[in-house]
Each structure stands twice: as structure tokens, then as C-alpha cells.
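Going in written order, the chains are labelled A, B and C, and every chain counts its residues from 1.
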Amino acid sequence: MQTTAELLLLLVVLTDLAVLGTSRLRTCIRAVAAQGLLLGLLPLALASQVTVHVAGLAAGTVLVKAVVLPWFLLWAIREAAVRREVEPVVGFIASLLLGALALALAFAISGRLPASDVREPVLIPAALATVMMGLIVLTTRRKALTQVVGYLMLENGIYLFGLTQTESVPFLLEVGVLLDIFAGVFIMGIVVFHINREFDSLDSARLSELKD
Amino acid sequence: MWLLALCLLPVAAAAVTGAAPSPRVTRWRVGALVGTAAVHLALTAMLWRLPPQQALNGWLGDDALGTIVLTLTSVLFFATSVYTVGYLARATPRGGRVFVSGMLGFLAATTVVALSQHLAMLWVGLEATTFAVAPLIFHRHDRRSLEAVWKYLVLSSVGIALALLGIFFLASAQHGVPGDPLILGDLTAHARELQPAWLRAAFVFLLVGFGTKMGLAPMHTWKPDTYGEAPALVGALMAGALTSCAFLGVARITQVTTAAGLTAFVQPVLFAFGLLSLATAAAFVIGQGDLKRLLAYSSVEHMGLLVLGLGLCGVGTYGAVLHLVNNGLVKGWLFLVAGNVVLATGTSAAAGNRGLVRTLPVSGVLLVAGLFAVTGSPPFGLFLSEFTILRAAVDGGHLAIAVSTLVLLAIIFVGMAVLVMNMALGEPAPGVRPVRESAWLLAGPLALAGLVLLLGVYIPGPVQATLARAAVALGGRVP
Amino acid sequence: MNHAHVGSSLAALAVLLVIAPALSGVVVRTKSAFAGRRGAPVGQLYWDLFKLMRKGTVYSTTTTWIFRAAPVVVLVSLTAASLLLPLDGQASPVQFSGDLIAFAGLLALGRFALVLAGLDTGSSFEGMGASREVTVASFAEPVLFLGFLGLVLATRRLTLSAMLGPALTAAWAHQTASLALVALAFFVLLLAENSRVPVDDPATHLELTMIHEVIVLDHSGPDLAVILYASSLKLALFAALIVEVAVPRDGLGLGWSLAAFAGGLLVVAMAVGVVESVMARLRLNRVPQLIVGAGALALFGIILLLR
């Protein structure tokens, strides 16, 4: 039987696929929020005993990644009145296939990496897959807001990888990282808001005035 | 103790100027900016006299390379803050508290980066610079600056995210190795025990990540847009200080890989990024029509030279460290001059600027002198550092690299000279009269120009000693 | 293979054949419950079939023998396919190595006959439906194979009997996630292959939007009855496949096994009803997206098995 942590990780990958496969921004944001929640639960599932450090990390993650940021992004799409990602650079089917490829690649790569004593064998492949799928979303979607979602996925993947290193990265730094990500998405959201006001659209492809 | 003060001073200043009421720039707010910059500079100068310090369990420390970057940042920031006094009096929009707080936040973040001995802490600082600078780039609140800030945010956030992954890889490599995790000293001391596979992955990700912040080709695409649209003094801070901090990150991981004996793996990667950056700069400098964008590509070029020097090892490392200082100073100089041009004529495009030597006598001359300085002509400091890097290439038997670098540098010189000479010389548009230039706006670039000239002629003893220590720590040697 | 097995598997097959029309009724009842209506009785389709059997058949003059043969081919191929599944949870009446390919082939044959019949009428509506049916199928079939590949990898067996029989119980203990993903992929496949919401809406009668219903517009009388029955059998067949994957019945007595089987079919039908109630039909150009998504799930399951 599989462990809780493994189950959570599989669900994380499923939320990745959900973001890749859907055109509705709202669904994308919900999926990323669900991913944030799963990410918050993971430290609890991985830890042999729940310390203040682990509990704080879980609480902070859930607060930032599952509540505040999704709420903020949902606010942004309400303000901008966008619902769908139309005409992504790479179609949804192709990006799903790319996602599956990324998944296979993630497992293939992590099979070759020298395994330091990782408690959870799916952790590293799931992290790499999330990073890659975040990059796919970031590069193949046109709406600025979807790109922010992609960035968030990328960060989530890195966070997952960071869970292998909880002993070596102290709490203070985790807080710093979390705050940085929060600030990043927040500022991006504000810029998205300005883009919408200035161009009446969230299409980052419209941002093409500057070139050589 | 002093290190903490250095980090906390700008944080506190940023908080105070940000939280205080009255959104317009008031006299006291700019005063606080200059004051903070001056105190910061004084504290930094004091570090040179004190023995090496440590704080926060060794997370902060002033090793040679960190001190160099810190000093460079502090000098540049002071020059820029003086310039800000003149700039905010003339610029439209005049800028609110966000502008001043953003600058101070930037100073805080770069100080943390320069003093970090803990690599994750360095990451946090570098990421923070991104957000401190974003409102500064968006200063004009128009479409073009919006586009610039979006490109900058997305690219550097992704880059820095990959760097974080690299740091986690590094932590994986350190698994089971004695010493505190991710502390630079412990990493280099036990470098040979690190797991090579993870270390290689960490190097690649950190180079790509921090390289994005440096603006190495092909991750440089945000640079011309950002530097072109941001106020010139922000360009000065970014091209001079921010890129140097990012290079510090690259240098730190290279320090670890060199200590681990992975030079054979690291070297070709650094060469590739370096030469590609030089080639990209050469390709885009030719036919460039905007001074600030030209400077952006020049920055790409110099970033390429820096990693090239780092990759060449030996004397090249010393050349890279010296070049770091020279490039930072000359970028500050030129961007501030470009700012004067924009303030006087409203544009940095060559089309709108002719005969600057006559209309802006001091800035015009400084621009022409800057052209020679930035392209590495004697007697300026950059000649010395570029020459050292080339010498390392020849000494190391990398003749092909030496030759192609020389050719690319020549192309870049021609490309830059065409644009700058067009702007500086020639007949001013009819009816344009010489402008009396404000001392606030000239003090900064003049001082920086003096420093670049000084470094070309004579490097003071303590500076030379620190440069040498930095180069040796990076695995290089002194010529 | 001993005779007891043949007996039990034939009994299970009988359950499938008899219960098939009722599954559509269960779907309809579930939807009605969601909508707050009473809905048609569960056995409605039996009466419809009975009624149609007594009617005469009208053949368009443009049609050929292909049109007449289609209903029989469809029914026979689907029945043959159900012979390959170990419906009693132990073994199937017919089994040979690689029979999973035959299973997919028989499904394809039935679809092929139906599509040809549609084209045979020369009507543009039917041609459109045929084209859509084939489009959906061309995405669905690879997913079916991916699912089978997952099962093969999980059980290391190459016959449907062995894959879905006792070996599966052992596999569930170690490969829970992969098998759950495969079952989920099969469920999406069921929706797509049987033209259910969100791929197609069986309740609509607007030719422009239909897939399956539009192909059979020209069929009438007993022919239509056979096709309707075959369609319900196809739904039941996919439901059976899902039940086989999701509920290993190794070690149960024949009675319990059959009861679990029938119960599983009803649960799947109810799940279809729930999906039909809470989801809207997708635009046709987004249907492939859904099926590829199912493929990604199956692939994910396979990747987990391979690591």
C-alpha cells in the first residue's frame, strides 16, 4: 500500500496536469490552490514527528499558497473580467502531451540521480515534473495571469524539492523564501492589473513595443 | 555587529521613508536617501580598516570578494543618491515615496547579497533586489515601462527560481558531508567530498539562474528593454550594482566547483556563456539607435567578459575581479550621463540628439570619454582588466578564445563609437542652446569617471591586496 | 480450463447481457433525481426494444447491403468482445495471449460497421456524425491501449483473463495509485466511447451537435432495436471493464461475485448519471483535450509502474 505522502504527491502531479489541460483561468487557479494545500500537508506527512518547525512551515505554506495568493489571483481575474485562455502558443492537447513527456522525463532523471537518503522516492520526480510543467505553462500561455500561475507551479515544484532538504535549510530561510515568493506573485499581480488597465487585455503577447 | 548595522540601516531607512505620510517627494525624504547612502559608505569604508567580521553564526561575513562587491555597490549608490537629488527636482513624474523606498530597499538587498556567506541567504537577497527594482522601472507608469517591467519580472523571477533549485541541489550534494549546510566556507573546505552529480547540476542551475540576473546571453533579453525604459539612475544601479551582485552568486558556486576539482566541467560552460554574450552584444550594438539600449548591450558584453575571465582561471580570475569593479563604476558613470541627456532633451535616442558636446558641454565630454573607457581603451581601468583576461586566455593556450574575443571587442567598439560619436559630435538642431548643467547631476558621473581613471593608472595598495585575496579565494592567482 | 469456470463465466456474461439495457435507465434515473424529476422507469429501454422489434423496417433506396448488415455486425462484435472479459472475476470463456488486442479490434469493428452504415445512407448529417465518431475514436483507442499497457505492467500478464483475474488482486496491494489512474482513464473513455456528456449529449435531438445518435437516424424497426441494444451493451461492456479493474473479486463465491459485478455496473451507471448532471457538454473541438487528459492519467499510471 502506498503512504499518505506518496498519495499527496500523486495528487500534486494530477493538479499539474489539470492546469495544463484546462482553458478556464478559474480552474487553473483552483488547481494551483489545491496544489498549495497539498504542499502544506506534505511536510506533516513526511515528518517523522511534528515539530514546531514543521507545523509552522505547513501553516505558512497553506496560508500563502492555498489561501492568500489564489484569493489574490481570483480577485485579479474578476477585476480583469477574463475567463479563458484563448489560443495558447502551444495547444492544450500538445501541452498535455508535453506534460506527460515531462513527467516521464522527471522519473527517468531522478532514477539516475544519486539518491541521498530520501524518505520518499516519489518526492524528487514529482518536484521535477512540477517544475517542468510550470515552465511549460509559463512559456506556452499568452495570458499574463496564466503565466503567473505557471510561475507559482514552478515555485511549488522547487518547494517540493526543498522538502528533501528540510534539515539543512533552517526555518528562518524558509520564511524568507516564502515571503519572497509571496512578494513576487503579488508584484506580478499588480503589474498584471496595470497591463489590463493599459491594454484592455491580459495578453502578454500585446507587450511587443520594445524590440531591436 | 557592523555587518548587521550595514544590512539593517537601509532596511530601516526604507521603512521610514515608505511609511511616512505625504506621497510626494519631500526634501527630507531625499535627504534621508543621501544620508543613508553616506552612512552606508562610511560603514563600508570602516570595514576595510577592521579585521574580518562575522555575524549571525557565520551567515554574514566580509570576505575579500564580498567586500569588493559591497564597496562597489556602496560607492555607486552614494553617487547615484547624490544624482537623485538633481534628478527628482527635474524629472517628470517627480516620483513618490515608492521611488526612494525602492532605492533604499535595493541597497539593503544588495548589502545582504554582498555579505552573505550562506548561499540561500544570498538567494533571498538577490530575489529581493528584483522586487525592490520593479517599482523603479515602472516609474513612468506608461505602456513601454509596463512592458519592460513585465519582461524583467517574468524572466528574472524564473531565473532566480531556477537558482533556488540549484541551491537545493547544492544542499543535496552536501548531504552527509561535515560542516554547516550551505555555508560557503564549509562548502569549499569539504568540496572534494560533495557528490559530483548533484554539484554539477547545482552549478548549471545556479549559473543559468544568476546568469539571468546578470544578463548573460541568451537570458539577456530583458536587459535592453529594462535599461531602455527605466530611469537612467535605475539603469546605473542595475548595470553597476545588481549585475555585480548576481556575478557574486556565480563566482561563489564557481569557487565551490573549483575547490571540488570540477574545472574541466565548469570551464567550457563558462566559455560558452561568455563568448555567446560577447557575440550577442556585438550583433546588437551594430546599428543600435538608442543610447540606453546600447549601454544595455555593452553590459551584456561585460558580463560575458566576467564569466570568461572566471572560466579562464589563473590570472583570468584576477582580471575578472578587477573587471567587476571597473565595469560597475563605468556603467554608473555612463548611465548617469545618459540620464543627463534624457533630462535635457527628453530622449536617449540618437535621432533626437546631435552635438551633445556643444549643448551639454560637461556631459557631452563625459559621454565621449566614457565611450573610450567602456570599450577598454587606455588609460582607463577597463583596459587593464580586459588585457589581463586576454592574457590569461593566451597563457592558458586558449588562442581561439583570445582571438574571437578580440575581434568581438573590436566590432563592439566600432558599433558603440558610431552611435556615441553621432550623438556627441555633429551640428546640434537649430535653436538648441547650451544648457547649464546642475552640479548635483554632474558630481556623481565625474566622481565615478575619476575612479575608473585612477584604477587604470594606479591601484591603491589595500585595494590591490583585497583584489588579490579575492582572486586567490576563487582559485586564481595574481599576475 | 475446467467446466465450472466456463459455467460461471457464462453466467456472468448472461448477467451482463440482461442487465445492459437497464444501465441506460439507471443513468436516466440518476439524472432525473438530480433535476428533481421522477424520470422514466429503469426498464424503459426494454419496452422500447420490444416495441421496435414488432415494427417494420424502412430502407432508403440509396442504401446497400452494408446498411443492412451493420446492426448485426455491431451486435456480434460487441458480444464477442464481452466473451473475452473475465466477467466472473476468474477467467473468460475465450482466452488467448494478446486477446486484449482482439478486444480493441472487435470494438473497432463494431464502430467501423456503424460508421460505414452511416456513410452508406449518403446523408450529410450521418456523414458528419460518422466523421465525429471516428475523430473521437482515434483519440480514444490509444488511451484504451495505454490503460491495457498499465494493466499489463502491473500484473505482468498478457491475457485479459489473467490481467483482470487473480493477478490484479496482488497488483492492487502494491500499485494502488497506478490502477486507480487506469480505472479513472477508463471511466473517461467510457464517457467518450459511449457518447455521454461531456463528449456528447444523448438527450439532445439537434443533429448538428450529436455524434452517436445522428449516425443511426436512418435505422428503423428491429434494426434500430439491435443498434440500441448494442449501444447499451457497449456501455455495459466499458462499465464491466471498469468494475473488473476497480473491484478485484478473487476469492468470492460465484453468487457473491455476480452480485458484486452487477452492483458495480449499477454504481458505474450512477456515476455516469452524476457526471451528466453536473457537467455541460464540451464544445466538439475540446473533446480531444478531455480524452488526451485521460491518456495523460493512464500514462502517469504507467510511469509510476515503470520507475
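Keep in mind that, in the parts below, a contact is a pair of C-beta atoms (placed from the backbone, for glycine too) under 8 Å apart; a residue touches a chain by one contact, two chains touch by 3 or more.
Computed from a predicted structure; not experimentally measured.
Ranked by C-beta contact pairs, the top pair of chains is A-B. In terms of the distance between Cα centroids, subunit A is separated most widely from C.
Subunit A and subunit B have Cα centroids separated by 31 Å. The distance from the centre of subunit A to the centre of subunit C, each centre being the mean of the chain's C-alpha atoms, comes to 36 Å.
Annotation: 65 Å between the Cα-based centres of subunit B and subunit C. In subunit B, no residue touches two or more other chains. Residue positions of subunit C with contacts to 2 or more other chains are absent.
Those residues of subunit C lying in contact with subunit A across their complex are 173-174, 176-177, 286, 288-289, 292-293, 295-297, 299-300, 303-304, 306-307. Subunit B meets subunit A in the complex at residues 118, 120-121, 123-124, 127-128, 130-131, 134, 138, 141-144, 146-151, 153-154, 157-158, 161, 164-165, 168, 171-172, 174-176, 181-182, 195, 197-198, 201, 224-225, 228-229, 284, 288, 293. Against subunit C, the residues of subunit A that register as touching in their complex are 1-2, 6-7, 10, 13-14, 17, 20-21, 23, 92-93, 96-97, 99-100, 103-104, 107, 111, 121-122, 125. In the complex of the two chains, the subunit A residues touching subunit B come out as 113-114, 116-117, 131, 135, 138, 144, 147, 151, 154-155, 157-158, 161-162, 164-165, 167-169, 173, 176-177, 180, 183-184, 187-188, 191, 194-195, 198-199, 204, 207-210, 212.
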